[in-house]
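The data blocks that follow each hold one structure.
Shared chain: chain A. Partners: chain B in the first complex, chain C in the second.
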Partner chain A sequence: MVHVEIAAERLFQLGPLIFTNSMLGALLASLLLLVAARFFAPGPALVPTRAQGIVELPIEWLAGIVRVTGGKRWREFVALVVVIFLFVLVANWLSLLPGIGTVGFYEEVGGKRVLVPFVRAAAADLNMTLGLAIVSFVSFIAFGIRANGLRGYLRETLVAEPAYMTPLLTPIHVISELSRLVSLSMRLFGNVFAGEVLLATMLSLTTAAIFTLPLAFFVPGIFLGLELLFGLVQALVFALLSMTYITLAIAEDRQHEPADNHHTGETPAPTTADPAHGAA
Partner chain B sequence: MDVHTLAAGLAMGLGGIGPGIGLGILASKAMEAIGRNPDASGTLFVPYILGLALTEAIGIYSLVVALIIIFAT
Partner chain C sequence: MGTEGREPDETGSPPKGPADPANWGIAFDLGIRLGVSVILGLGLGLLVDSWLHTSPIFLLIGMVLGIAAAMYTIWDVASGSMRR
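== the complex of A and B ==
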């Protein structure tokens, strides 16, 4: 039976700050992104080299999606959406590398010797996903306040359309805003954590029969490919949901929606071709 | 075999029914829409992924509950 710890394990402690192995995973992911930014951001060549093209491909693809669906003010939040996407993507794919989650030290917990890995998948810890969801939550509220003003935002959020329905609808509205926080964080955590457990279970199931059937070489590989796909999809989902919440918060007070649609509709040919191409 | 295993199995199994039906409806409608208008597949992509995520979240909730029942009690 595989050993599964639902909370991230403690590596060491600095005063009141407990440093967990999941934080190490998140730090590694952001370090990777920082190094990539240091290399490719200062002097982007007009004719991109091969490496620059590879790095720019996902950014351009997602920025194209944000431009098509993000409304008129997409430039204000495109950086946030792309960074959330890149961070979650790198953190998810980093956790699939060999050695991460498997190399560690032994510790006595409750009379049993368990392996504490040095690095754990960053999103397999609810603290990290909740933190990212709080970033998204605060930013869509801030964008809503900046677009509509504090008074406009509060009126939009707290006062229902027929005024006599306010006592009934306002709690529902507040709860639905707060449930975005829970669902964003729980979705990412559940997917990544379940992926880790799935891989470990498949490996332990197939290594038991390794002398009769060499399944251990194939079955975890299939699920590893599946986890690559899930890591991409969950990063995309987190970024696109953040984008949708920000777009809704900005456009909440606007009356003339058709003008906005007309604006985004005037350049359909290059933009709609990009996501379809990237999705295939 | 204790009751926790049964509870986790029930939580995941029953909790998977609803999202399964929902994802099936979602995917079939998306395929239908692409079949009617293949040019719209680019614009359908983002709403489709978002709908997929929101529907799948229900299943993930039951998965988290099942994992907590098994590993954290």
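== the complex of A and C ==
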């Protein structure tokens, strides 16, 4: 029988800090990225080796997308977008390795013995995805403030045009802004958690009876392949949305005064004015 | 992805069209944000109602604001997409 636990399970506790199996998954993904960075960053060869080429391929590909779609200031946030993409991608793909989510210890829960895996997919925990969404949310607010100044950003966010519409439009604008945070976190969590449940269910169904056992050799494999694709798509969507939000927040300064040319020394491009609010 | 070799034009605008990878994120985002906006409005209304014991006044206000926020989100995303 498939046991589905929506919250990450506790492994141990150090004082007030509860260490969960999804935190271990996130830690492993981070360590893998750090080792790769340590191994390839100090002296990249002029003619890249095959391994270096494999590591650099997703970075160059995404950096190319950011360069083309991120506006003139793409260099300021390309590292953030690439890091978000790589972290979510590695965390998602790591959870598909054998032993992740299946090797653990048994615990009594409500009179039943349930398996508590040592490592759980990092993004199958809402705490992790919400944390990552908060990083993205704070980043695009910070870029918006940097581009428009604090007063300009607050005016964009809290004051409507015409001003007498402010009491009506400001709550609408605030709800719309908050929906970005919820949408970013819930989408990633929902997709990865559903994938985990789907894989467990397929494995459980195909191993339930002796005559379905041959199916266990290829049916879960099909879904593992799909999860590889979904892991890539979700990482890409999270990173691209973060980039889009930051690009829009930075682009706001083009609508008003040439506020921050001192940041880049570039002339802002003329754009169509936003009649009610400038979306940050 | 077909983005190699394509440079932003002199205004910093990206190439337009469905091949623009940033549009994929927007497409994934829009549907969820519509629902989330309404739920957020309802949730905030419920919270205020339970705090002030005024049920269901703020629930209804929150619902209307949530629906308005959902429509605003469509307009915001579309205008932002055109601006980019």
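Note that in this section the second predicted complex is superposed on the first by the 250 of 280 C-alpha atoms of A that agree within 3 Å, B and C clash if a C-alpha of one lies under 4 Å from a C-alpha of the other, contacts with A are read in each partner's own complex, and residues count from 1 in each chain.
Simple rule for what comes next: a residue touches a chain if its C-beta (ideal position, glycine included) is under 8 Å from a C-beta of that chain, and two chains touch if they have at least 3 such contacts.
This structure is a prediction, so every number in the text was calculated from the model and none was measured.
In the superposition on chain A, no contact is made by A:G152 with either chain B or chain C. Once chain A of one complex is fitted onto chain A of the other, the partner contacts of A:P58 are absent, as it touches neither chain B nor chain C. Applying the stated contact rule after C-alpha superposition, one finds that A:F193 touches chain B and leaves chain C untouched.
When the two complexes are overlaid on their common chain A, residue A:T247 makes contact with chain C while staying clear of chain B. Touch criterion not met for A:P48: it reaches neither chain B nor chain C. When the two complexes are overlaid, the chain among chain B and chain C that reaches more residues of chain A is C.
Look at A:G71: by the touch rule set out above, it reaches chain C but stays clear of chain B. By the touch criterion defined above, A:I172 reaches chain C but does not reach chain B.
When the two structures are aligned on the shared chain, A:E5 is found in touch with chain B, with no touch to chain C.
Looking at chain A, you'll find residues 65, 68-69, 183, 186-187, 236-237, 240-241, 244, 271-272, 274, 279 touch chain B in one structure and chain C in the other. Residue ranges on chain B touching chain A, taken from their complex, read 39, 41-43, 45-46, 49-50, 52-54, 56-57, 60-61, 63-64, 67-68, 70-72. Put simply, chain A touches chain C in their complex at residues 61, 64-65, 67-72, 169, 171-173, 175-176, 178-180, 182-183, 186-187, 236-237, 240-241, 243-244, 247-248, 251, 269-272, 274, 277, 279.
Residue ranges of chain A in contact with chain B, taken from their complex: 4-6, 65, 68-69, 183, 186-187, 189-191, 193-194, 197, 233, 236-237, 240-241, 244, 271-276, 279.
Those residues of chain C whose C-beta lies close enough to touch chain A in the complex are 1, 3-4, 6-8, 11-15, 20-22, 24-26, 28-29, 32-33, 36-37, 39-41, 44, 65-66, 68-69, 72-73, 76, 79-80, 82-84.
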